[in-house]
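In what follows, structures are represented as structure tokens.
Presented sequentially are two complexes of chain A, the first with chain B as partner and the second with chain C.
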Partner chain A sequence: MIEVHDLDIRGSLDVQILGGVSVNLETGQTVAAVGGSGAGKTTLGLALLGFVRPGMRRVGGAVRFDGQDMFGLTDAELRRLRRESIAYLPQNPASTLTPTMRIEDLVEERRLAHSKPTEHLLELVHLPCDRTFRRRYPHQLSIGQQQRVAMARAIANEPRLLILDEPTSSIDPTTQRLMLALVERLRDEHGAATLLISHDLASVARMADEVVVLRHGEIVERGAALRVLHSPVDSYSKALVSASPDIAVDQPPLLEDTDEPVPVLKVRGLSAEFNLGRGRGRRTIRAARDVSFVLSAGETLALIGRSGSGKSTIARALVGLHPPEAGDVLLDGVSVPSLLRRRNRSKRAAIQLVPQNPEESFNPRRTVGDGILRSIRQTRGLSGSAATERLAQLLDQVQLDPALARRRPHELSGGEQQRAAIARALAAEPKVLICDEITTALDTIVQGQVVDLLQQIQRDTRISLLFITHDLALAHEFAHRVGVLSEGKLVEIASMAEFVRDPQSAESRELLGAAPSLSRTLVARQHAAAGVPAEAAS
Partner chain B sequence: MTSLAGQEVLAVGRRRARMARVSPMTIALLAVLLAVLFIALFGPMIAPHGKGEVTSLPFDPEVGVVGTDHLGRDVLSRILHGGRPIVIIPVVATALATLIGGVLGIAAAALRRDDVIMRAMDVFAVIPSILVALVLFHRFGAQHWVLALAVIIASIPFTTRYARAAAFPIIHSGYVEQARMIGEIAPTIVVRDVLPNLVRPLFADAGLRFIGAIYLVAAAGFLGFGPPPPSTDWGSMISENIGGAGLNPWATIAPSVFVLLLTIPVNLLADRFAKQVAR
Partner chain C sequence: MTAGLHNAARYTIWRMASLVATLLAVSAILFAAVEWLPGDPAQQILGIHATPERLDILREQLNLNDSVPERYARWLWSTLQGDLGESVRTNQPVGAIISRPALNTAMLAVTAFAAITTVALLLAAFGGRRDGSRTSTVISVTTLSAVSVPEFIIAGILISVVGLELGWLPAVSLVPSDGTPFSRPEILVLPVVSLSIVGGAYGARLIRAAVADAARRPHVQAARLAGLTESRVLIRHLLPSAIPTTVQVLAFMVPFLVGGAVVVERIFAFPGLGSQLVDRVALRDAPVIEAIGLIQAAAVIIGFQVADAVGFFASPERRTAE
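Coming up: the complex of A and B.
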């Protein structure tokens, strides 16, 4: 139905974005494009819309929809084709909603003559369809609801081609399942073809018929999904598959301490809230409610929870950026003041944070090395050659090329930025390192490298890690214990092995059930192919 | 998370793009601006006649390059003498206004209760600048510092508002938080983190304020609040000679052209600068 033939797209300075890429999508077929960041996956997805991003140009190849070249169409023809036959959901689906339009208009806008009525579309995505709700604006909805409105828009024209760009990276498990079910429904009822762009190999394994592995804009491997994901041939595909965190794969036992655990950080009854908006529309959100836990030396505690469960607020409260409403933080048995300016140098240094967005945490007008040096000077009181020596040590510790430290933050890749941020936190020689969603923006291979680095640092320094994430499968790979947050409350805290074996709370079971597992999905699909019902397979 | 090699290429690309950004048009605009500034500042030294020297009959188009004015003085010499106030007053006033507005804007962005500053600025902003200038002239006379004060009062509300908007995301950025976490004190954070990132947007804003200042100075001259005779500025010259435009149109056109040659390049350059900042 749609055919990408030998597509060549280049960026500025003739950098290859896509080179000689050919992909065929037949009616009812789902093709997944996988690969690291910068592999050209999004560019490929947009090319299926007949769109090349500004700053890039097509130097060769064609995209044919029902045999007609999309790049040969006039603007009006192209718009018509997109409107009637294609749906595109970007990485953050909520961003597709025009903030000044009402929900019903947003859905109505995408409907065609033969489409289902708006109420029906809203029902399909499990949203209320009463008049009050339909007349709301996007900002009056929760993020999950916004994402579902975006999905209702995507299915409104009953598209023949569906392009999903990392659809599961920013949405919670329930919404995720709904989205996958909708895609399957479109495929079964209308024979829609789907291009699924994802780094989540488990959802690829569930959905895709065929997989193409992209690297530097070239296809390094392609084939039936089960074959590629089960026994990849290319070395890069192998790395991708093995780097994919899998909740069902038993982890080799972590190095357990023989000694009694030495508590380093004690958090008692921490409650924090923050205000959304100002003036009349102001709302108070209770982000942490009576949270207590202990973190021992050399231990990794994973705090997991969905977005909005209060994870980041707890991290910010611990480093003193967000004054809590109640609760104590004790470091080695000594109370730590909740306000940053009341903390002395050693207390500030002892708890360090690696932020979610490393690029944004470095001053854009200074080099990355400058940022690390500043922390060395300020937290350890070193200066001159002692400081530069320490910088060299730290760069070595995080395996970052010293030449890169002379660059500005935007000139580094995501993984390099994250290493630099870790080096800056280590400069303070902290006892506790808080990592707030530090792997979210990284692809699986780089993510694995960063996690390995943290583990190695922990072995060398017996630092305590508080690893905040929504990715249970990743935490499962290296955390000793896990705490589950739900609406600001710590609903469960247990050792990782025990948690996986026997989760205690409903939220834990939900998170465990939604955690990606490539191996499990592959087995289920193989059984399905052999005619065994899915329930029996699992 | 492009690979190392790809990242290298991208980084080189960015560096080149930064250098290639100076277009021929920008250079041409800069050249015009510098030429006009040169004439304004050093004009009195190269003028063929004194500023009050009568060389011929009034509005005689035949004398000199662009003829004589309403008192028979050489227009070209008068233009060369009359550039300083229209350049120096706006430059000084805009610099001061940006400085004060920048400080107020940063303070407003950093403080949790910024309403006091911003509401006060709103009150200032609704008073028309020319009205401020005229009231001040009537009280203190048409002196240079009064003109500058009028420009400053007229600019500060807008500069403050702009500086606040530009400083807000910087003050709430990850790198400022990072600096706070390692215990840097507020003045250090302002100097090392906030100001370097605020300079470019403030410069772009100053360019636009500068044009407003030139118009105000020119308008004051046109309305008769120029420097005391025989001193002059381009705005005063336009109004002095407009009555004789039928006899010697150049006496009006020439000073107008110089005002335009000053404001148009500044306007376009500030626009370009603002666009670069936005990137």
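Coming up: the complex of A and C.
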């Protein structure tokens, strides 16, 4: 049905984005494109819509839909094809909703003559369909509801081709299951073909019939999904599969301290609120409720929770960027003022944050080296050659090429930016390093490298890590203990091994159930193929 | 729904109150500013050869010996009652002096505002919807050139070419003594064109940036990839996000047209409020200056209040905030 033939897309300076890519999608088939960031996956997805992003151009090859070359169509023909036969869900589905339009108008405009009524479409994605709800605007919905509206929009035309770009990265487990069911329904009822773009190999294993592995815009391996994910041949595919965090794979025991744990950071009864909106329309959200935990020297504590569970607010409160309503923070048994401006230099230096988005945290007009130097000067009081020397040490410690430190933040890759941000935090020689979702924007291979780096730094310096993430499988690889947050409350805190073996709260079980496991999914599919009932398989 | 209505009512009342408060503050600043104009009004009126006795008498008549707050209070009170006082130079009522220029300027400003809005919106929509396209670049360069040429040069070229050389339109815009500018619309054409070239280009640039910004938002790309027609993408998905900025930019045209049009008024000998103000400042005619200043300030403040209100009602997030 869809035939991508020898597609060649170049970016500025003639950089290859896609080179000689050929993929076929048959009716009812799901093909997954996997690979790290910059592999050209999204460009491939957009090419199936006959779209090349501004700044890129197609230099060769074709995309044929029912034999018609999509790049040879007139604007009107292309629009018609997109409108009637294709659905595209980009990485952040909620961002596709126009904020000035009502829910019903957003769904309505995608309907065709034969489509189901808007009410029915909303029901299909498990949303209320009463008039009050339909007349709301996107911002009045939760993020999960917004994602469902985007899904209702996508399926409104009963598409024959579905393009899903990283569908699981921003979606909570319940919505993921719903999306999966919708994709299956479209496939079974309308024979829809699906292109799944993902770096989450577990979800690929669950959905895909075929996998193509992309690297730097070229296909390095292709084949049946189970074969590629189970026994990859290409070295890059192997690296991808082995870097994929897997909750079901037992981790080698972490180096356990023989000594008694030495508490470094004590958090007692921390409660924090923040205001949503401004002026008289604001709402108060209780982001942390009576949170208490202890972090020991050389220990990694993972704080896990879905979006909106209060993770980032806790991080900000600990570094003094968010005044808490109650509770106190003790460092080596001494109370730390809750506001940053009341903390003296040594207390500021002792607790450092690596933020979620490193690029935004560096001054875009200065080099990243300048940013790190600034931290060296301000937290350690070094200047001149002493500071430059320290910078070199830090860059060496985070394994960042000194030449890269002379570049500005946007000229670095996501992984390099994150290393620079870690170096900047380490410049203060902190006792506690708070990492707020620092791996979210990275692909699995780079994620693994950053985590390895953190582990190595911890071995060398016995620094304490508070690793905030929604990715339980990744935390499972290296955190000693785990705390589960739900609606601002710390519902469970336990050693990682114990937690995985015997979760205590409903939230924990839900998170564990949803954590990706490539190995488990592969086994389930092999059993399914062999006709073994799912219950027996699990 | 009820939250929306409730918000709207509260918003309107709040806006009205702040409008009155701002006008009061402006009136005080205006009064003080005229007060601080260098020189002694009595001396200026009577000339340098006046005797001290005559000066004293005139100061007494003008109440110049009272304290500033006292005189401000008296002026404010009579202004609120609709009495703008009399010119200190001609003893004519201020209302009679400024009503014709005010009407002339209002007609010029309304016409020019309509022209500027049309020009700016069209250029901005075509220039902004696909940033980096050839249309976009051409519009960008043209508007930049238009903005950088001073009004008096544009007006001068128009007068010499269209007015004198070709003789199509009058080169001066004298308003007939028994009519309004609308009774001889041809006199408005050149002033309006001069103002729209500068104002329209300036507005187009700022609005174009807002449109281009909106065009880069992911929901606009999503709407295009959903196969919606270009006009629907523009009208439903792209332009609404640009409304708040657009109305703010258009509100900036009010001070430009009400006060800043003085250059164009002068060149075309158009008897408007701006020219009148310049004349009266030279004469140090405090009551007239204050009255004109107040009218201009009111127009500007109302313009921005309307822009804020449109921005508020065009943004569901603000309108429906709970």
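What we mean here is this: the second predicted complex is superposed on the first by the 538 of 538 C-alpha atoms of A that agree within 3 Å, B and C clash if a C-alpha of one lies under 4 Å from a C-alpha of the other, contacts with A are read in each partner's own complex, and residues count from 1 in each chain.
As a convention for this text, contacts are C-beta pairs under 8 Å (C-beta built on N, C-alpha and C of every residue); 3 or more make two chains touch, one makes a residue touch a chain.
In this text, all values refer to a predicted model and were calculated from it rather than measured experimentally.
Superposition note: with chain A as the common reference, chain B and chain C are in steric clash.
Residue contacts after overlaying the shared chain place A:Asn363 against chain B, while chain C stays out of touching range.
Of the two partner chains, chain C is the only one touched by A:Asn92; chain B is not.
When the two complexes are overlaid on their common chain A, residue A:Glu109 makes contact with chain C while staying clear of chain B. In the superposed pair of complexes, A:Val446 makes contact with chain B only, with no contact to chain C. In the superposed model, A:Gly371 makes contact with chain B only, not with chain C. Of the two partner chains placed by superposition, only chain C is touched by A:Arg82; chain B is not. In the superposition on chain A, A:Thr100 makes contact with chain C only, not with chain B.
In the superposition on chain A, contact is made by A:Arg348 with chain B only, not with chain C.
Within the superposed arrangement, the part of chain B that overlaps chain C, taken from 7-15, 79-87, 205-213 or 259-267, is 259-267. Taken together, the two complexes place no residue of chain A in contact with both chain B and chain C. By the touch rule above, chain B contacts chain A in their complex via residues 1-4, 6-7, 9-14, 16-17, 173-175, 177-184, 192-193, 196-197. Note for the complex: chain A touches chain C at residues 46, 49, 51, 54, 75, 78-84, 86, 88, 90, 92, 95-101, 105, 109-110, 132, 135, 137, 139-140, 153, 277, 279-283. Residues of chain C touching chain A in their complex: 1, 7, 10, 131-132, 217-220, 222-230, 232, 236-237, 240-241, 314-318, 320-322.
By the touch rule above, chain A contacts chain B in their complex via residues 12-13, 15, 36-38, 216, 319-321, 340, 343, 345, 348-349, 352-353, 355, 357, 360-366, 371, 374-375, 378-379, 407, 410-416, 424, 428, 442-443, 446.
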